[in-house]
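Think of it as A, B, C, D and E in the order they're written, each chain with its own count starting at 1.
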Amino acid sequence: MDILSLFVLIPVLTITAILLLKDTRQVRLVSAFGMGLQLLMAAVLVYLYLSARHAGNIDEMLFVKDYLWFKSLNIHYAVGVDGISVAMISLTSLVVFAGIFASWEVEILKKEFFISLILLATGVFGFFISIDLFTMFMFYELAVIPMYLLIGIWGSGPKEYSAMKLTLMLMGGSALLLVGLLGIYFNSSPDKNQLTFNILEISKVVIPLPAQRMFFPLTFVGFGVLGALFPFHTWSPDGHASAPTAVSMLHAGVLMKLGGYGAFRVAIFLMPEAAHELSWIFIILTSISVIYGAFGAIAQKDLKYINAYSSVSHCGLVLFAVLMMNQTAMTGAIIQMISHGLMTALFFGLIGMVYGRTHTRMISEMGGLMKVIPFLSVCYVIAGLASLGLPGLSGFVAEMTIFVGAFQHPELFYRIVTIIIVSSIVITAVYILRVIAILLLGPTTNEHFEHLPDAKWFEKISVITLIGSVAAIGLAPFWLSTMIGTSMHPIIERILALNPF
Amino acid sequence: MASNQIMFILFSAMIIVFSILTVTSRKILRAAVYLLFVLVSTSGLYFMLNYQFLAAVQLTLYAGGIVVLIIFSILLTSHISQNFESSGWKKNIFSAIAALTGAILAIITILEYGFTASTEAAQQVDMRLIGKSLLSVDYDGYVLPFEVISILLLAAMVAAIVIAKKGAPKKIVLPKLNQE
Amino acid sequence: MINFSYTIWIPLLPFLMFLLLGLAGHKLKPKLSGLLGTGGLGLITILSYVTAFKYFFTSEKVDGAYQKIIASNFTWLQFTDKLHIDIGVLLDPISVMMLVVITTVSFMVHIYSLGYMKGEKGFERFFAFLSLFSFSMLGLVLATNIFQMYIFWELVGVSSFLLIGFYYQKPSAVRASKKAFIVTRFADLGFLIGILILSFNTKTFDFITLTDPMGTAIAQGGGIAFLGLSVMTWSMIFVFMGGVGKSAMFPFHIWLPDAMEGPTPVSALIHAATMVVAGVYLVARMFPIYALSAPVALNVVAYVGAFSSLFAAVIACTQTDIKRVLAYSTISQIGYMMLALGVSGYGGHEGLGYMASMFHLFTHAMFKALLFLGAGAIIHAVHSNYMTEMGGLRKYLPITHITFLIACLTIAGIPPLSGFFSKDEILAAAFHSNKLLFAVEYAVAGLTAFYMFRLYFSVFWGKDTHYSHEPHEAPATMTIPLIILAVGSVVTGFIPFNKLVTSDGKIFESELELMIAIPSVLIGLLGIGIAYIMYRKESAVPDKLAATFKYSYKWAYNKFYMDELYLFITKKIIFRYIAEPVAWFDRHVVDATMNAIATVTQGVSYRIRGFQSGQLQKYAFVFITGAIMLSILFIYLWK
Amino acid sequence: MNSGIPIQYFLILATLMFFTGVYGFLTRRNLITILMSVELILNSVNINFLAFNRYLYPHKLEGMFFSLFIIAVAAAEAAVAIAIIINIYRRFATINVEEVNEMKF
Amino acid sequence: MSLGTFLIMRHELLLIAAALIVLIAEIFWNPDKKSSISLFSIILFGVITIIGFLPSPAGPLFGGMYVSSGTRLLMKNILNIGALIVFIQSVTWLKKEENSEKISEYFLLLISTLVGMNFMISAGHFLIFYIGIELATIPIAALAAYDRYKNKSAEAGIKLILTSALSSGVMLYGLSMIYGTTGTMYFSEVASLFGNTSLQILGFIFFFAGMAFKISIVPFHLWTADVYEGSPVNITSYLSVISKGAAIFILMIILFKVFPIIMGTWQKTIFVTSVLTMTIGNLFAIRQQNLKRFLAFSSISQAGYILLGLIGGNQLGMASVMYYILVYIFSNLGAFGVVTAISNATGKENIDDYNGLYQTNPKLSLIMTLALFSLAGIPPVAGFFGKFFLFTAAAQQGFYLLVLIAVLNTIISLFYYLLVVKAMFISKNENPIGSFRSDFSTRFAFGICVAGIVVTGFASVIFEAIKNLSFGV
């Protein structure tokens, strides 16, 4: 058993264990244990990865394991990680771990909830470890589908509508993606003899340009839907608003990253020429996402909607950076994914906890919570500060890397767009502060709020895990940046070799 | 005009006319009789084509068997003198257009295809040959379809019996549920 | 070479203190927290003094110039091979000077706060935030590269935000903190864009490389043009925008008066002495580029500074909230500093303005902190911010009175107090460079004297207001800092800045130009005189004047309606005309399109249900037509 | 017997009969007449097969046998159909096809 | 007939034997234990199914009229598996009093249709094919009308038999043209003599229409929903998987073996019809309330997807079609199994009735969900793999547009599958269907289906085995 497959196996075993259980209390414990183990595994993986790199291993992917699966189509179950995937795996395990604790007090169908949640996590982990497009796609869809039940059963508000919308739009994305992947597959070998789904193999050949022009947009948009690319982002506000806490956390925190990661790892890495040629279209779309999402967030009244739009904005930034196709910007994109993953999970976690107490998410109905629930409020402020890119927290690192990287683009158009994008930091500040001011500060407006209890222990675990990570990245970004940057290097070299712009 | 041509014209005229009458007649029993005429005329054509065996089969099995079956069923299900109310004109027109289009298409296509009659000597179709072919297991032998159709007939017989079998409907009892 | 590597502890110590107080503060006794914070700051004050001493008096000079010493540096975040954010300590004259300023004022404020904030809820939080601020500010001034500066720039912004909003249950405080943050954030956007443009063209963030007068950055920077100005000019204007925001220059000044909602020690520390001069510091830090490579940008600096100083001085004359008066006074004084930089040249005597600016920064920190702390003592005693509710306080608050008077004299530029010297240098620099600006500054000097003494007289003299309870002098923790700072205000004028802090690090000679100094003192005295007449005793003159210049007064009183303008832009334009339409558009156009796809699908589904009519013959009809259609299609149409 | 008659005549005849049957299928309301239309259709196909066999491929009997089996199948089909029609009559008390439409949409 | 002949034809012969044994056994069976005859039949059939998997010689028989090959054997085995599941699922229904009279007939008729399908699949001559297809249809019509006391059942029967008669008429007309232009009905000979003339295309299209009727391809599908709804559930499931599967198999064989010359034409035909089929099937499925009807339309759209495997005419396509049919059998029978179980227990067949089902019958709900997800092509269940391979096969020949349309259609289909899932898991219901325990046979069938749904995907052996047996044009 290789270490990477454990990341799929542990969740599966956890699910099996949960299935065999009767007592709901044990369900939570088992989930927490399983995902804690997963977190530990992630730490071990980081250690192993770094020490392997340290020992001078310069392979593009490490811990590669390759099992032939469907021989006739040359489909493999192939896993491998580079610094980027290691980082994403760590992110996932953190968020999932926090998510388990954030949903400690699910009221109905506990068992099913945790099973679905962990199933989702399984998909995400599988996605990040895969280097075979088929396996990747399989895990991708696996991750999307439990969302339906999670939102539909445990959600709130117009949950059925939102769940359906979210699922269909995401699956719509994966539909485009499927065609894109097949296109890549059938062009993965010049003489059609050695067709392969393996990313590393495909990266060694040049997909013909006409094919790239056809399949790059499909693939990119396919992943882009999950990455909340304008105008395919509208599942996000409704979906997040209706989803239960942990699901929003996982979804915004991790699942949306599948989009960015895929766009980077598949669309751009494998089809750089077309990416370069068509990037201006998507640059415009992503810029709209960034600015538009931020403005959209200003006018919202529901906490989750605010955050959902903010996610649109931040995830737009990821795709934007990916499209800049240089080392720094793309590294920034990955850091932004991790950073956004952590802080948005934190946000959604906190919103869920606040909602659990006040039973409303309308900011107009709340006020002065700082006095009542200081712990959660302070954490909320920290999350907000991270979100608006305060130095010392992860958001800053990510955004600056993106901005600096994007601004290194040799063409003026891209730099001007970058400047437009940069202005989002102000808009972000506006809506974040607006929320903080209305929600937390000022006098306590509602007398029912006077005696709300502050965070419980499991909530604290959840929140502190995330804040700790956000701060850790923010304070010491170099190791993450280096780990990602080193792995980015061969990728960029390939892109540039094919594309000497 | 050769006699065979006259015969052909006669038969085909009968076929066309009675076919149309079959599908337009207001009285069902008449329709059945027209159908009978069509089938008989068709068997005439078979004679002309020198397929006496098949013509005989057509007369006995088709004209004799099926039409009788149909008439029985008419008797079982309708009043003989009952007139149908005519179908809606819309339906008629659309169906006519569809049928006509189809016919024209098919005829044009057939005429477009230059069929040239074979110059090979026609095989003499006698009963021995038919029997031989029917029981042959080799190329051009039809024992297998012969066997399979026997199963089909058996199955059809059983099916017809099962369906048409009379029996008073018994009370349908739903199993009790273990209500919680 | 002297080892300065310990200097890294100067910013780090407050940071550790912040972590300690922030995470565990609520478990400690408030008093202990306060003492810990103050003690920590005391320690770094000593360290700073030691550093300053060592730097100015024992370190070697090369070519007669103070060297820029990188005391420590490490790569914090690598962008590209050349572009990387380092975190480190850069020692040069201005940063060392700023160290002294910051630690001194901060230490005083810490001590002062022990008394002032006593018994407040969140006492330990206050000290935690103060530590955070000290850390950020120190990090800012010690930055080795522009990105490090930006990082700490943001951090001081957030500390300021936290401290302004310290009384978070007070809606006005919340509003003020929000405003401060967003306005400065907007300015910082310019800073960031400036950094991006700068770094793109120079491929470095490093201050030493950037500001090397012989370096490539300055040499090649002027080349590429965009919209008529060189790229370097653009970047410097953008960078200056950050400075404008942080230093509350026009038009980004609006946050500073509101920021007075914070506790008074905070106003003294952040919004008077240290953070708001960060903009000046920024320009000073980048000065070689401004002077050598982007003179247009430097002109912008000068005019913005001059205008702000005049503008704020006028408004200050009409305000009644003592902290607001001081706030506008701060803007005005910082305008002076900006102007001084703007009119300065690089190197030698040309750099007089630069030196004057730094000098004024230094003295201003002392006397403005003193003024604010004094105001704090007054407010502490009277429980009101409004001059109209005060009067005759000299009897009750003797120490405060004396120190306040000293501060007022200092700011009015009366010799031999420090303000006189620094302001005089500025006027001299302006005189040699731009007569118009010089004239403006002369007027401002008079206005300054007037509004300060208007304040002084109405608070300490004037009618004897009946107070609900007798005002009493502040405790020793508060008066001692006052005294120390008063002493500082008196003596700092004698520091020979031209030997310490100059644009190129080299010493130059400057002397008092009496032709400029004497009129300025006279103007100051004139201002004091008018104030004396109008406010020494109850008098109808001010009201009459106000009535005479009704509209001008009203405009000035309402701060020229800048707040309203901003409110209009933010509330109306951004919220009403951008954000809400965007949100609407998203729901009703983009999302509706997505929903429409679903609706249309279902609609089509409903419409075509007739095919499945249950009529056998219709089925057959479709069957037959289908077959015929397909045949026609493939025989004739699509062969 | 068939000299002087082009094969096309047979084919056209069969085609006309075929589509007459189709027309009947589409318009008759009585289930039994619909069944009769089906018989017309099958009969026309038989003519086709036989004509082809006789004119074009007379050395084998494939067409004839095909017709033979079609007749047999038609008989079986008719038997079952009639059984069902009788059942319909019992259930619906009518054999009007337009009334046999409980299930739709 | 030699022993070799017997071995080659053993599928058909054994089935015929079984049918006769069941028929005869009924006469001697103790009338009191009538219902145990179904157990006997199932065991008998199970044995046949197993025997079917034994290795066997292959080759043509009867002068090429009957052809046996690995592929065709595999197809028959796949059908056998499906039929076995249907048989097992039928037990509960057959136990009902109104059906107790005609248990053996039920098996006889079903087995005879299976015989027909087997002959159809093994056909090397259009005559055998024709008789096979009729044998596979006529008894089914009787079975559709099996619920003699239900109007809907009778209606289903008449609709099936009459439309199928029409369709075979049309098909025969097409065949006659094929015969007329080639002079033979042997597959192998037609293949070499066929051309691309108008008449031949007409003949082909008419033939295709007849086949399309059996597969329920739009616009030849309209009978499907009504017949599925009216028939007894087991017959519906049989129709939807076994009949359809067999028809697809033989269509595939005929297209590949008989009409390779006009491949361009039939690719276009399939292109058009598959787009129509997927779309129309989905559009109708959206608004269905009756689950059987719902599954009918779903199975129509599934047929559309399956056509994607045919269109390439490649080996991969053939493999993926056979594989998908196998998967589809498990999935659809799983879904129908749940419908059957609930219909038998409560008589309820509407989606609304399923509201809140999860609370009372969690296992059934889970099986249903699994089956629906498999139909929708959601990983990790087998349907995902099946669909993926189908799409891959089409993409291999460059039909990317078609694949795109197909995958977009899967979104619509996901929508309505999720509606059922929603009903079971999310919708609230005051009076959900009470919890009940299915009898052993139902559970056993579920076991097979679930195992099939789960295992078929992951176990690449199955796909590879199929792939090795398939061939292209």
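Basically, contacts are C-beta pairs under 8 Å (C-beta built on N, C-alpha and C of every residue); 3 or more make two chains touch, one makes a residue touch a chain.
Predicted model only: the values in this text are computed from it and were never measured.
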What is the set of chains touching both chain B and chain D?
-> C, E
Sort out for me whether A-C or B-C is joined by the greater number of C-beta contact pairs.
-> A-C
Can you name the chain that lies farthest from chain B, using the mean of each chain's Cα atoms as its centre?
-> C
In terms of CA centroid distance, which chain is the most far removed from chain D?
-> C
Nearest to the mean of all protein Cα atoms is the Cα centre of chain A
Rounded Å distance, chain B centre to chain E centre (Cα mean) | 29
Once you find the CA centre of chain A and the CA centre of chain D, what distance in Å lies between them?
-> 64
Distance between chain centroids, defined by C-alpha means - chain C, chain D (Å) = 96
So, what's the distance in Å between the C-alpha centres of chain B and chain A?
-> 67
Residue numbers of chain E (touch at least two other chains) | 127, 131, 134, 138-139, 141-142, 145, 148-149, 157-159, 162, 166, 170, 180, 198, 202, 225-226, 287, 415
Could you list the positions in chain C whose residues touch two or more of the other chains?
-> 598, 609, 612, 614, 616-617, 620-621, 624-625, 627, 631, 635
Considering chain A alone, which of its residues make contact with at least two other chains?
-> 168
Give every touching pair of chains, nothing left out.
-> A-C, A-E, B-C, B-D, B-E, C-D, C-E, D-E
Complex interface listing, chain D residues touching chain E = 11, 14, 18, 21-22, 25, 31, 34-35, 38, 41-42, 44-45, 48-49, 52-53, 56-57, 60, 62-63, 65-66, 69-70, 73, 76-77, 80-81, 83-85, 87-88, 90-92, 100-105
Under the touch definition given earlier, write down the residues of chain C that touch chain A in their complex.
-> 75-80, 83, 85, 147, 150-152, 154-155, 158, 165, 168-171, 174-175, 177-178, 181-182, 185-186, 188-189, 192-193, 196-197, 199-200, 570, 574-575, 578-580, 582-584, 586, 590-591, 593-595, 598
Parts of chain E lying in touch with chain C, wherever the complex brings them together | 158-159, 162-163, 166-167, 170, 198, 201-202, 205-206, 208-209, 213, 218-220, 222-223, 225-226, 265, 268-269, 272-273, 280, 283-284, 286-287, 412, 415
Within their complex, chain C touches chain B through residues 617, 621, 624-625, 627-628, 631-632, 635
In the complex of these two chains, what residues of chain C are touching chain E?
-> 598, 601-602, 604-606, 608-609, 611-612, 614, 616, 618-620, 622-627, 630-631, 633-635, 638
